[in-house]
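Structure first, commentary second.
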Amino acid sequence: MEVLLFGIAKDIVGKSEIRFSETDELPGSVGDLKRLLTASYPEFGKLSSLAVAVNSEYATDAVFLTKDDEIAIIPPVSGG
Amino acid sequence: MEVLLFGIAKDIVGKSEIRFSETDELPGSVGDLKRLLTASYPEFGKLSSLAVAVNSEYATDAVFLTKDDEIAIIPPVSGG
Amino acid sequence: MEKLTIEIVDHIDSANVYSELSHPQSGGICVFVGAVREFTNNEEVVALEFETYKNMALKEMEKIALEAMEKWELNKVLIRHAVGAKKVEEPVVVVGASSAHRTACFEASRFLIDTLKEKVPIWKKEIFKNKSVWVSAHP
Amino acid sequence: MEKLTIEIVDHIDSANVYSELSHPQSGGICVFVGAVREFTNNEEVVALEFETYKNMALKEMEKIALEAMEKWELNKVLIRHAVGAKKVEEPVVVVGASSAHRTACFEASRFLIDTLKEKVPIWKKEIFKNKSVWVSAHP
């Protein structure tokens, strides 16, 4: 499972992607992934908001994750 | 005294200017001018509105006219 | 750098408007272009013909621009109107403003075009196949 | 003739936007350009740097354009965002719409930029002389 990182999320983690290997315990849902991330990188808890996209669509915490999904961390957007 | 005509006012009168000669009785005010025009050309009475500009500013009926003023008939505007 | 651009021209070139309104303190630029539409009340328009009382029109356009600059914080304001015959899709009027934040330039641009249509002595004749009509002349 | 133009580009050329939105049934074209401002909270901005999650950003931009076309009667809609480093006065985003009457294109353009800023996964870093900040990241 790979998780893409953008903007400040990339700076917090220090790379543009997190890979969970076969042996890792994979987050089962969007909510699990957020909890996992915030536990490992407390800086995520200080952001104005934290969203997750699954297959390039915003996903609620309840959405299940599988290892073939394209998953991305969406910190507060600021286009325009 | 000369009165400039634009848009449909020009079509109603059939020329782009009305000249009052020295011997004519001159309209003393904007209101007088409107009454004079509408009496001579009843089509003016059918317009949505009829304004007069004196020295290129909108003028109310009470404004006095002198023969050195630049006077213009402003039929309903439709720019843009 | 002039804050105001107020013009009556024969032909409008929309390509330069952005750079005319650009300003280092402007995060937002809003532009409205009015163009000739093919149909009015289902009748095919061949062309529009614009006539103006130029002295007065320029004065009124400037008043509108200054009024907008009192109402909103604007870095630049532009009002440009074309005269003469214009065909379908040709631009006839361009108004725009630039400002630090977007609300001001949006609201100002809407005000500029609304007030122009209400007050500026410019007259538009719609030329159809078999007739022509001075717009808004009659109730 | 495409109704929608949805793009993420390296450089925005504002000169063509008018002709991209022009349409024989459009009497009004409204365009908003967002540009880099020299100062943010009195601090001098050297540049902005934009990053995007491109797949998703294009999808979200298209959703916004389609939503606008449901809400208003529009003949054409354009949303174009730049990525990479942009200096003061450079355009970073252009949105616009064309419609028979002006209210629709004004309201739609405002909706396009407001909703883009809220939903599209694009991130802006402000580069100052001595620091850089991801905009809106923190409360």
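Per-chain numbering from 1; labels A, B, C and D assigned in written order.
Operating definition for what follows: a contact is a pair of C-beta atoms (placed from the backbone, for glycine too) under 8 Å apart; a residue touches a chain by one contact, two chains touch by 3 or more.
On a predicted model such as this, the values are computed, not experimentally measured, just so you know.
Each step here moves to a touching chain, and the least such steps from chain B to chain D number 2. Averaged C-alpha coordinates give centres for chain A and chain B that are 73 Å from one another.
Annotation: 26 Å between the Cα-based centres of chain A and chain D. With centres set at the average Cα position, the gap from chain A to chain C is 48 Å. Across the assembly, chain D contributes 34, 113 as residues in contact with two or more other chains. Which chains touch which is summed up as A-D, B-C, C-D.
Chain A contributes residues 4, 6-8, 11, 46-48, 53, 56-58, 70, 72, 74-80 to its touches with chain D in the complex. Put simply, chain C touches chain D in their complex at residues 14-19, 22-39, 88-89, 91, 100, 102, 105-106, 109-110, 113. Against chain A, in their complex, chain D makes its touches with residues 34, 50-53, 55-57, 59, 81, 92-93, 113, 116-125, 134-139.
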